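You will see subunit A twice below: alongside subunit B first, and alongside subunit C after that.
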Partner chain A sequence: MTQALPQGKLYESQKLALWYFWVALALFGAQVLFGLLAAWQYLDPNFLYGKLNFITNRMLHINAMIVWLLLGFMGGVYWFLPLELGREVVGIRLARFAFFTLIAAVGIVVLVYLLVQYGPGNAFTLWFITEGREYIEAPRWADFGIVAVMAIFLYNVVATALKAQRITGVVAVLMFDLVALAGLYTAGMHYTPNISMDQYFWWWVVHLWVEATWEVLVGSIMAMALMHLLGTPRRIVETWLYLEVALVFGTGILGLGHHYFWIGTPEYWLGLGGFFSALEPIPLVAMVVHAVYDAGMHRMQTVNQPALFWAIAQAFGNFIGAGVWGFMQTLPQINLYSHGTQLAPAHGHLAFFGAYVTAILTVIYMALHQVRRPELPRFDSKLWKWAFVLMVVGIFGMSAAMTIAGFTQTMVERAIGGSTWQAYIDAQQHPWFQNGMVWRFVFGVFFLVSYLVLLWDLVTIGKGEARTAKEVGAHD
Partner chain B sequence: MEIGWIETTIGALFATVVLTLWLSRGSGWLEPRFWRNAAVVSSLIMTGILLYLTIDSLNQIREGSARVPAYTVINKAVGLKRDYEKRRDIPVIGEEVGFFGKLWSEKEAYALVNKGKMTLQSRNCMDCHTLLGNGAYFAPDLTRAWLDPKWETMVKSMTGKATKEEAMAEWLKHPDRYPTFVRRMPNLGLTDEEAMALVAFLKWMSAIDTNGFPDRFAGVQ
Partner chain C sequence: MTSEAVRDLMLYGMLMVSAAGFYAMFYALGRMLGRPSIVTFSYLFAALQTLGALGMILPPYLDAFWKYLIAFSSAVYLFIPQGMWWVVTTFHEKEHAH
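Coming up: the complex of A and B.
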């Protein structure tokens, strides 16, 4: 059943994956740009006031992130799936169709966000302009599109596995996770005037979707990546993956409770949420142990250094961003005061970067190696270390600045001021807070620069003068 | 129905461990089979508990329940009181005072609050403000916005309106005209009806029992 490809050739599915990666990287740039605009508006509130308000910049910032990470994940799966199953992905034309549909839909949504921005308070706005619920602002028509694209994606994975008559542990986990991924998104597709009810299911998308199913999806992708990157035996990789799923779902599903402290839900969530989210860092610690062990076994040497470094950054970033920064404010006794302050974005920035951005970059570097210099024993460039270091410093700088601002808010606005409108203003004018916002912007600019360095490296890495005909043939 | 969280937690972990061990008897704990079973068992048990608790929670947060008030609460005085035994603030609902000078029937109150929520979503309020602590952090939290002292001490005289609800509606229609901070809310083109509905939504939301968040709002005694 297997169709082994000669070295330097790519499966159609892998060629498609490259499209996913480049569009994802472009949207990554859009995310950074709109984030920077929003960060600048903290410092100069009159900048673009009334034309391109904070609401719009912030919405584009977080929505671009969701879409580009999803594209990156799908690219990652389309890249590794044929290698994992030893055959071409079945519905490759369908996958291409889904890709272009998604791009067209994203384009329309972005244009509406930028040009229309908001609408009257009725159902038409929710269907065609914005749903106005943080992170899932996409209008309802686009929601259906996202679920349809996810369904096609799921179909392709399942059908390919069936056709290959080979369901590995990684693919099995992937299939079940994609069912949850497509299913949970629909929990956010309803309207109710009852905000407690609204928030209850909103968190099914924002926590269960992003923190549970995405974690497992990225776990599957990293499992496939590690087998190729370090030649780790399948038995070990799959055992780790199962362990991770057991711990992520075992702690994360009820860890959802840490979002149910203050939205009107019953008191038992305080205990359940506090306890299970205290356990949530455990799988992330396990991943760090795994990564350090694996990398140490190979004395940090592999054919693809940049990919190895991003893979290690993934393990640490996931643990520090999602684990430490999450745990810092997850207990109800702390969260009562820290909830809804700059501590939340401090955690968010570090966690999304550490858990997901790093993983996608790992895969992209691996893919570029195959595309550009498959015969080279080492895939290297001068710039990748710069991109790596600058980006990590940038994200840590932003998160540190927001952490300090967040603690200021926790103390001045919440603990002392009693959380009123005036207390909010007092905290926002506190020098510790204002300095935090300045440094967040400075490190934001830093991050933009590192993004450009990264992009330049990705465009040029492996493209030397001494290209042979065989390598040129590797391009599509 | 009261569910003890400690019993639930211990029960869930115990069931997960026992079921995993029983299903994996014969294989060592380092074998893939053991962890595959653990993954399946923990996912199923935790999902089962979540679904069960969801049914219970949804019953407790239905509008008109003890935790989430009926929409007609907009007709009544709403305040906060310290519960010293539980050490947290709870909303108190007082006598009928009307809203925009009238009493709203159940149907009218629903329609108004519903319109308020639609307006809130259509203007992406959550991409600047937090509600129940969730959203963006560019502007104040709105969980107890109706009870904020600023409407009485500042906005009423600023807008020259006689009642709090009228002052709020006027402010929401022209936030750019009445600045309170260097960061001004942009004018999002709210109609009279939308502004009124939004005030109704904020009043209704301020009466939700949020387990004490935010603590000692405006120094509640």
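Coming up: the complex of A and C.
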């Protein structure tokens, strides 16, 4: 039984999605801010030393990113799910409860990071301050909270599909993916004093989340977005989604092995990881063809220009960030020298931005169109173009600066110097490295400005527009 | 491995995959716009992609396994644009026919 809403009305789930989006955007700002502080501390290590240390800024920078992207994904699903299934989400009260619980937990964790920062390294620290695992530093109580919230999220998707008696291809993929998303996170909660074993499972969260479950999740969200944005037929979107799942899982899961090279795992991981990692850019190159086709078929025109541009940026950004920058350092023969240098964050910045930030911004612009002025034939502003260009230039500038710095580290510190302490110091003092860090900060400021422009555009877009379709002369 | 070898492998790897992307983009653009000149232009990037692969394969830096892997990837990249173009247009044509 479907419950279609009148034009211009929103499902409760969509109203909740808007909350997710705004909190996600606020955390996006926090990510940029703490990243900028950390970037400055590369130039002046004494800056805020003892008050807000580099390690804390970096931790907040990375964890804010993970949380805001997750919130954005969840918002995207809550936005499209009722449209996909033709009915309200079943556990909407539960969803609201989960939202506020998650926000409260994030707030407490951030306050602990800021005020306490670190502990004696015992069980208390593990449970209440930080687990100390890079990228997933949340204390254990928060880990359980994250898994519980993801379980509620999964329940809502499954229960809504069952209640609607309609499981589309996109929703089916989404359900399976959410099981993996919630399940894999628990792999990062096991504690073992064996560092190899610890790292082995830790990578399941860091890598399999990002390169498998997140890729599929964003694929599902973009599939639903493209149907609404470009009117792409469901059959095409779902076929593409299945293809993407096959290719991404096929290369992404065992591609995990490229992180296993240096943690003491058996030697076969070297071949397995290298093989699948080398194949990872292939589906991304294929997606470029489809993006060009879609953009060309619609002559870069749609009712929602910003959403279209961010969607196209998603296909290209994913290829450049994950494909080009990933492949450049994925072969073990290179990775031996480049692992842990600034090349890694260069790849990370481009890949996360290209694959995920762009996708979430696509969905947010679509949601704002529906909320602000669904009757408008063109959801447009002058500001979004500035935000788009500045943000793309900012992320590429930062990544280019980090690439040069990382290349210097790879050459001077590792390949020439042999990773000695003196070689480390030589690389840190090399002008290419130091200039790279300066330009990283400059483009970081640039990115902060672009974020503010984007935020202002998101707050104002569509609000002042009063023209009707007839006045604009649209033919859509 | 020498520092020159690391440098060469990194740069040739970057050339290989980025040229593969440009090849795919210009090929699809040429077919989309019906401009054979752009399609021909895209083959320049196909050649660059092959050059990138050769730059990794020909020097004695890598073992046979890795050389075969790169040769295989490079060969796949050469046919991705045509293959994906066929897939995309076939999907859409079938959809329009319904």
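Following the convention adopted for this analysis, the second predicted complex is superposed on the first by the 464 of 476 C-alpha atoms of A that agree within 3 Å, B and C clash if a C-alpha of one lies under 4 Å from a C-alpha of the other, contacts with A are read in each partner's own complex, and residues count from 1 in each chain.
Rule of thumb we're sticking to: contacts are C-beta pairs under 8 Å (C-beta built on N, C-alpha and C of every residue); 3 or more make two chains touch, one makes a residue touch a chain.
Note that the structure is predicted; figures quoted are calculated from it, not measured.
**Q** Between subunit B and subunit C, positioned on subunit A by superposition, is the outcome a clash or a fit?
**A** Overlaying the two structures gives subunit B and subunit C room side by side.
**Q** Looking at the overlay, does A:Gly271 come into contact with subunit B only (first), subunit C only (second), both, or neither?
**A** Both partners.
**Q** Regarding the shared-chain residue A:Phe319, is it in contact with subunit B (first), subunit C (second), both, or neither?
**A** Second partner only, subunit C.
**Q** For subunit A, which side has the bigger count of touched residues, subunit B or subunit C?
**A** Here the partner covering more residues of subunit A is B.
**Q** Contact-wise, after the overlay, does A:Gly296 reach subunit B, subunit C, both or neither (first, second, both, neither)?
**A** second
**Q** Applying the document's definition of touch, where does A:Thr239 land relative to subunit B and subunit C: first, second, both, or neither?
**A** Once the two structures are laid over each other on A, A:Thr239 reaches both partners.
**Q** Considering only the touch criterion stated at the top, classify A:Tyr337 as touching first (subunit B), second (subunit C), both, or neither.
**A** A:Tyr337 sits against subunit B and subunit C alike.
**Q** Would you please give the vertex angle at the Cα centre of subunit A, with arms pointing to the Cα centres of subunit B and subunit C, as a multiple of 10°?
**A** 80
**Q** What is the contact status of A:Leu376 with respect to subunit B (first) and subunit C (second): first, second, both, or neither?
**A** A:Leu376 sits against neither subunit B nor subunit C.
**Q** With the two structures laid over each other on chain A, which partner does A:Met328 touch: subunit B (first), subunit C (second), both, or neither?
**A** The second partner, subunit C, only.
**Q** Let me test your reading of the model: by the given contact rule, A:Leu36 touches which partner, first (subunit B), second (subunit C), both or neither?
**A** Neither partner.
**Q** Of the partners subunit B and subunit C, which touch A:Met59 in the superposed model: first, second, both, neither?
**A** Touch partner of A:Met59: subunit B, not subunit C.
**Q** How far apart, in whole Å, are the nearest Cα atoms of subunit B and subunit C in the superposition?
**A** 7
**Q** Would you please give the residues of subunit A that touch subunit B in one complex and also touch subunit C in the other complex?
**A** 235, 239, 271, 275, 336-337, 414-415
**Q** Across the complex, what residues on subunit A touch subunit B?
**A** Touch list, subunit A to subunit B: 38, 41-42, 45, 49-50, 53-56, 58-59, 118-123, 125-126, 129-134, 137, 169, 173, 191-200, 202, 235, 238-239, 242-243, 245-247, 249-250, 253-254, 256, 259-272, 275-276, 336-337, 339-342, 344-345, 409, 414-415, 418-422, 424-425, 428.
**Q** Using the touch definition up top, name the residues of subunit A that touch subunit C in the complex.
**A** My answer: residues 233, 235-236, 239-240, 271, 274-275, 278-279, 281-282, 284-286, 288-290, 292-293, 296-297, 319-320, 323-324, 327-329, 331, 333-334, 336-338, 407, 410-411, 414-416.
**Q** Which of the residues in subunit C end up touching subunit A in this complex?
**A** Residue list for subunit C touching subunit A: 1-3, 6-7, 9-10, 13-14, 16-18, 20-21, 24-25, 27-29, 32-33, 61-62, 65-66, 69-70, 73, 76-77, 80-81, 83-85, 88-89, 91-92, 95.
**Q** What does subunit B use to touch subunit A in their complex?
**A** Residues in contact with subunit A: 2-6, 8-9, 12, 16, 30-32, 35-36, 38-39, 41-43, 46-47, 49-50, 53-54, 56-58, 60-63, 67-68, 71, 110, 113-128, 130-141, 143-145, 148-150, 176, 180-184, 186-188, 191, 194, 197, 201, 205, 208-220.
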